[in-house]
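Some structures are shown below for you to check.
Each of the next two complexes has chain A plus one more chain, namely chain B in the first and chain C in the second.
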Partner chain A sequence: MSSFEYASAPESKAIANIASSYGLFIGGKFVEPKKGKSFNTINPATEELLSKVGYADKLDIDAAVKSARSAFTKVWSKLPAKERGKYLYRIARILQERAREFAVVETLDNGKPIRESRDTDIPLAAAHFFYHAGWADKLEYAGVGNKPKPLGVVGQIIPWNFPLLMLAWKIAPALAAGNTVVLKPAETTPLTALLFAQVCQQAGLPDGVVNIVTGDGITGAALVNHPDINKIAFTGSTEVGKAIARSISATKKSATLELGGKAANIVFEDAAIDEAIEGIVNGIFFNQGHVCCAGSRLLIQENVSDEVIEKLKKRMSLIRVGDPMDKNTDLGAINSKEQLKRIHEISNTGDAEGANRWSPECKLPAKGYWYPPTIFTGVSQSHRIARDEIFGPVLSVLTFRTPAEGIEKANNSMYGLSAGIWSDKGAKILWAAKQLKAGVIWANTFNKFDPASPFGGYKESGWGREGGRHGLAGYLASDAKASK
Partner chain B sequence: MSRLDINKTYKLFIAGAFPRSESGRVYEIKGANKKFIANPAMASRKDLRDSVVAAKAAQSGWANATAFNRGQILYRIAEIMQGRSEQFVDEICALEGVSNKAAKIQVAEAIDTWVWYSGWCDKLSSVTGSLNQVSGPFYNFTTPEPLGVVAIFAESKPSLLGVVRTLAPVLAGGNTAVLIASESYPLAAITLSEALATSDIPGGVVNILTGKTAELAPWVASHMEIDGVDVAGLSKKQEEELKLVGADNLKRVFRFAPTNNPERILSFMEQKTVWHPIGL
Partner chain C sequence: MIIDGSESSLKKFLSELPPVDQVGAEARASMLATRSIKTTSKAWAIDMAISMVDLTTLEGADSAGKVKALCAKAVRPDPTDLTVPSVGAICVYNDMVKIARTELNSIGGSEVAVAAVATAFPSGRASLNVKKLDTQDAIDAGANEIDMVIDRGAFLSGHLGEVFDQIKIIKELCGNKAHLKVILETGELVTYDNVRKASYLAMLAGADFIKTSTGKVAPAATAPVVLVMLEAVRDYFTLTGTRIGVKPAGGIRTTKDAIKQLVLVNETAGPEWLKPSLFRIGASALLNDLLMQRMKLRTGHYASANYVTMD
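After this line comes the complex of A and B, so read on.
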């Protein structure tokens, strides 16, 4: 049978307008780092230089925190809540207006398919601002007492997997609750955050309410350890999350930590298999598997496992890997050389420990960082590929016989961020959802996100929630907690 | 000649039983009048570990009991305590050196605290959960679930109320508890364990240890199966040390204002969000 090949459908880069260099965004202005240092940000799909951005050190962090503190005391906390909300609405609208530009820059800087940045990242980021804008003058109904108060200055550190979306998850609720922020984007994906700084300027947001400082882990540590920060909000690895928890253990700082995961995606024998296959593919290959809640452990009930694996392999053969700017691309570039190295390192332990690797035939581009969609079958619970977060397009497949065994295997992890359930029986779905130790359960769906829906993990997947009323509460002071 | 009183041996409360410390150690408690009152057990690291094993084993049973059932059991504790009021009053007077009237007020408040938290058990989801209006054809709800095993360092004084207002909210949320009694004022906690043993609370749901706070706190901090800690009875320095080591499994560590508040329950709960598509 002949088949029709997809013709390439590249998105234009023309809309991007990336400057050759960016300073730090402090006090409403772009300023040069005090020591004049900068670093490169590249396109991981081509390894081409995109721009040079300022490297913030301790002195710059101090300036940013001072600017945020001053904006908090003098302006933002005095503004009527209704007016605060209007600024957020403005930001949401500008993000919608400039959505295509943001999507293109996100894809160039991150390597994710343009289809995902265009249809998921950017619209959701705008939606987060729109949702939280409405909260600004309704905080007394958020379930944290009659007179909820902001915390003050919040230090926020975000990862490279959903750069603008994670920024929105952090900044929108913080501002709605009346806090001011200093945000550090990830080292490899600073551009949409710097573009966002321009959005703040266009929205007329008072100077210093949002400060964006670019840099690396040392920059982040300086932010965490700054004495005038009231709260840290961090999304990233469990390892760094624990280090932050230690750093703030002797301070008054509070923290929200959204950390790693090793989600079980459980397929019961009565699942609608074709739908489950789509869910499995979306669960692990969405965003190259650079997703903390990725369904990276597939648990299949034994009597349907052959069928599921066969269909999954067939479906994986149709995944289009390549140019992220092509609108037909499903799997884009791995975000960085370091991440690619890590994916290789952990995946190679799968071979060494005796699991069976399989990838469809696919041509990877010569330049840039790439990893083919991969599954390992014959994985056992003690294998490193069943325990460690790979953060790449690599799926570990395990099987189970009884529902109870499936749940036990699913919960056998230090993580507890998310889980998936595939079954056509309502009672079984609700039973499984109750048994699973995870903060987000997707039943007969996977990787769905919404500003109204709380997100966050059990166990070592972190502290607190983001999104919804529960996420908002993390940015408001509680009078039930003892003042330290 | 007047009759000689029968003095009580104050023991630990682990898995529904009253063992002595496996270490064989005790320490001396003197009353407000400086006279000897008791030799409570000085719990060891092993006693703590045994308590966590018991709490972990009891956790799913307690969490999966209906909220209505949990509420009834907490109410039952209040009933049993009411009958033992005098014993609590006497011990509080002897140990804290407060007036009979003040002790009675404290006991009444402690009993009412059980009743207050009892009523919360089956209202948590309604008040703090949510049906989330997501932008798509999905049914999406959020509901609180217990954290797991929570360690409690009870406040010193008020010695009975300090125990009840930390313990009751932890149980109301469906967690099981390992409570480390105040080192200097442990009697109320031990006598409470006797009330618990005759209430309907399953063995292992509450475990109570007496001993040296400074000795036990580091073992609580490093225990990987303790999920949360109420540090009411720790010094600021001890709290900081516990948080530092407790970061290894990201323990949820809290200190609350000395009031009753649903946030005491919710801080030791996780919010779970479930999505399901809507459609034909």
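After this line comes the complex of A and C, so read on.
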């Protein structure tokens, strides 16, 4: 060996104890789907089959909702708040104890680097349960009146980009507030949710408080349209979010929708450039860019743009693309064939519309779904790649001349989920944050999450907030509006 | 010429450097510390680290006997395994330079450099005349490398020209006889912005190496400090085409620490810096841990401390 090449350092697959098939988790037990249908879940990095999971149709959804309703009326809503908190603490601790196993299963099923599932997804998921466990007996401080009540049965639909973390964002506040849930994980990443079902059993959670039904969009629609659901919580695409909003519009169901984004990451001339480069990389290449709040539009002040782009390219050539199970991998596999196709489609319009594509030299594995880290320079507001959410490791670079122009470009989007500001001047950061129309604004950092901090967007990025007091309030009704 | 040598041009240049964001720099350094270096890459890194060690003794109790013993260790770190490379240099006080040079030459270690800590090490609190004499004395005694300290008092009170001029004068004394390593004593500069400014100042004044610390002040070679210095040499190369070396010193005691340093180099300045002429690690206890880990890789089990020599 003549240079410092990192030998492969794979995490052990043996830690994951994945069953060859899984049923639906209804009423505290794994049951076969009524029509006996199932579908495959694969490892996107190798295209190998991981397991077969049950396909829930309307009848199964009905059974799950009934079980959640019965658990709500007979058990969960009668339990003293402190006892609910104890269950949540127990779940949080089990997640920590089984963190390594969860990280491995997440990486196998999703394709994200083990470093991220190990250091971000799983610890944050546990943190969400710990945080909300503390809320369970303090709901009168959540800002919805003196005697807040749960809504009842909540239907929850989560995406494939952070499977367990999104589950935690949904289930932890719902249970803390005293609701019961029926959760549908994404079609391509059901495994950690099913493992979580085992955690519920291990924690002795009363049967029916958490129900997990696997399936596709039709399964999700059946859940949304079920008449005995009090609230829908959805994270996913704006397109599906709009469909959900339409279908519940004439009902009493409430909803939180956490949808797409096209975040502006704004680098001002007085930024700490080296750290801004790290923030740009983290903003768009974290989790292969499969992040609704990804900093996918880089806006650089023109007088530093050459320096920033040159440094960014150098930094991008250090990104280690490959086996997600390798502890040194920075960029893993694209989650599915469909998503890869979509990334190709939108990115190709960048070439067609005159932007300049650049990727570092990197060898992509022959099997599995892969896309190299990519930037487009010379992008303008009218390009599709500056407007549409790509949801992949593809960054559009634009420039601006004055701070005011930067803000104007940043806000010129149908989305408004997140934004990043890079400047060493405190006053400028506060000024910019005030002008930006985005639900989450990071200053001199990016993609930082905390259970205590509310998350959500403006405009087509969604309704409501998740996390913190504001997120919790979305699962509560004031005394007058309480559930049946 | 980047600057014309005047204090005003120096100040202007340094004030235009981009700032360092503390939180971001620390986050990057701690992310790089998670790299998992195994098997063949670990073996490579251990040998590289051994060849980069500036084996150091800087005690009031140093004696000829102690220094000679260190020389033997420097040339043949593991007497049971002659495939172990020699270290980069021996680092001693001025009065030990001649003893070390003579000893090294006589035991087949003429390739191992002798570094002298000059210029009123470690505080640097002496007149310029004394610092010059100190340096000349070390060079005359046969030092191949001069590890000088900057005047931190002058730096912190804004007299950057004074710091610059002192380095320049010492560099002139070194000429082509000795390499100049400039110790910033980052533990006393405290902020990363200062570390970046002092790094550039030293490079502009003629340093061949920039070095974190004397080893007498804590904190010393922390990962974010080394990161900022590696960014400085990388960007200085872009600016001038000249590669300046980096030497972290102080607090690097284990193989894990050393490998983390090499990862920092690899992913910041780049693989071009991964050689003893551009990266050194100032340490005393580190060498034995590297040797023990090397044995472990070779034999599959850990030996007791008695299987490595104590010097």
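By our rule, the second predicted complex is superposed on the first by the 474 of 484 C-alpha atoms of A that agree within 3 Å, B and C clash if a C-alpha of one lies under 4 Å from a C-alpha of the other, contacts with A are read in each partner's own complex, and residues count from 1 in each chain.
The rule is short, and it goes like this: contacts are C-beta pairs under 8 Å (C-beta built on N, C-alpha and C of every residue); 3 or more make two chains touch, one makes a residue touch a chain.
These numbers come from a predicted model, not from an experiment.
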Touched partner set for A:Ala9, first chain B, second chain C, both or neither: second
Which of chain B and chain C A:Ala452 touches, first, second, both or neither: first
First (chain B), second (chain C), both or neither touched by A:Asn444: both
Contacts of A:Gly241 with chain B and chain C, given as first, second, both or neither: first
Partner chain in contact with A:Gly279 - chain B first, chain C second, else both or neither: second
Touch count on chain A, higher of chain B and chain C: B
First, second, both or neither for A:Lys363, with chain B first and chain C second: neither
Chain B versus chain C as contact partner of A:Gly462, first or second or both or neither: first
First, second, both or neither for A:Lys78, with chain B first and chain C second: neither
Residues of chain A that lie at the interface with chain B and also at the interface with chain C: 444-445
Residues of chain A that touch chain C when the two form their complex: 1, 3-9, 115, 119, 270-276, 278-279, 318, 327-328, 424, 444-445
For the chain A and chain B complex, residues of the former touching the latter: 127, 143, 238, 241-243, 245-246, 249-250, 257, 259, 414, 429, 433-434, 438-445, 448, 450, 452-456, 458-460, 462-463, 465, 468-470, 478-484
Complex contacts: residues of chain B adjacent to chain A: 127-128, 130, 132-136, 138, 140, 142, 145, 227, 236, 240, 243-244, 246-250, 252, 254-259, 261, 263-264, 267, 270-277
Interfacial residue positions of chain C with respect to chain A in the complex: 18-21, 23-25, 27-28, 34-45, 48, 231, 262-263, 266-267, 271, 274
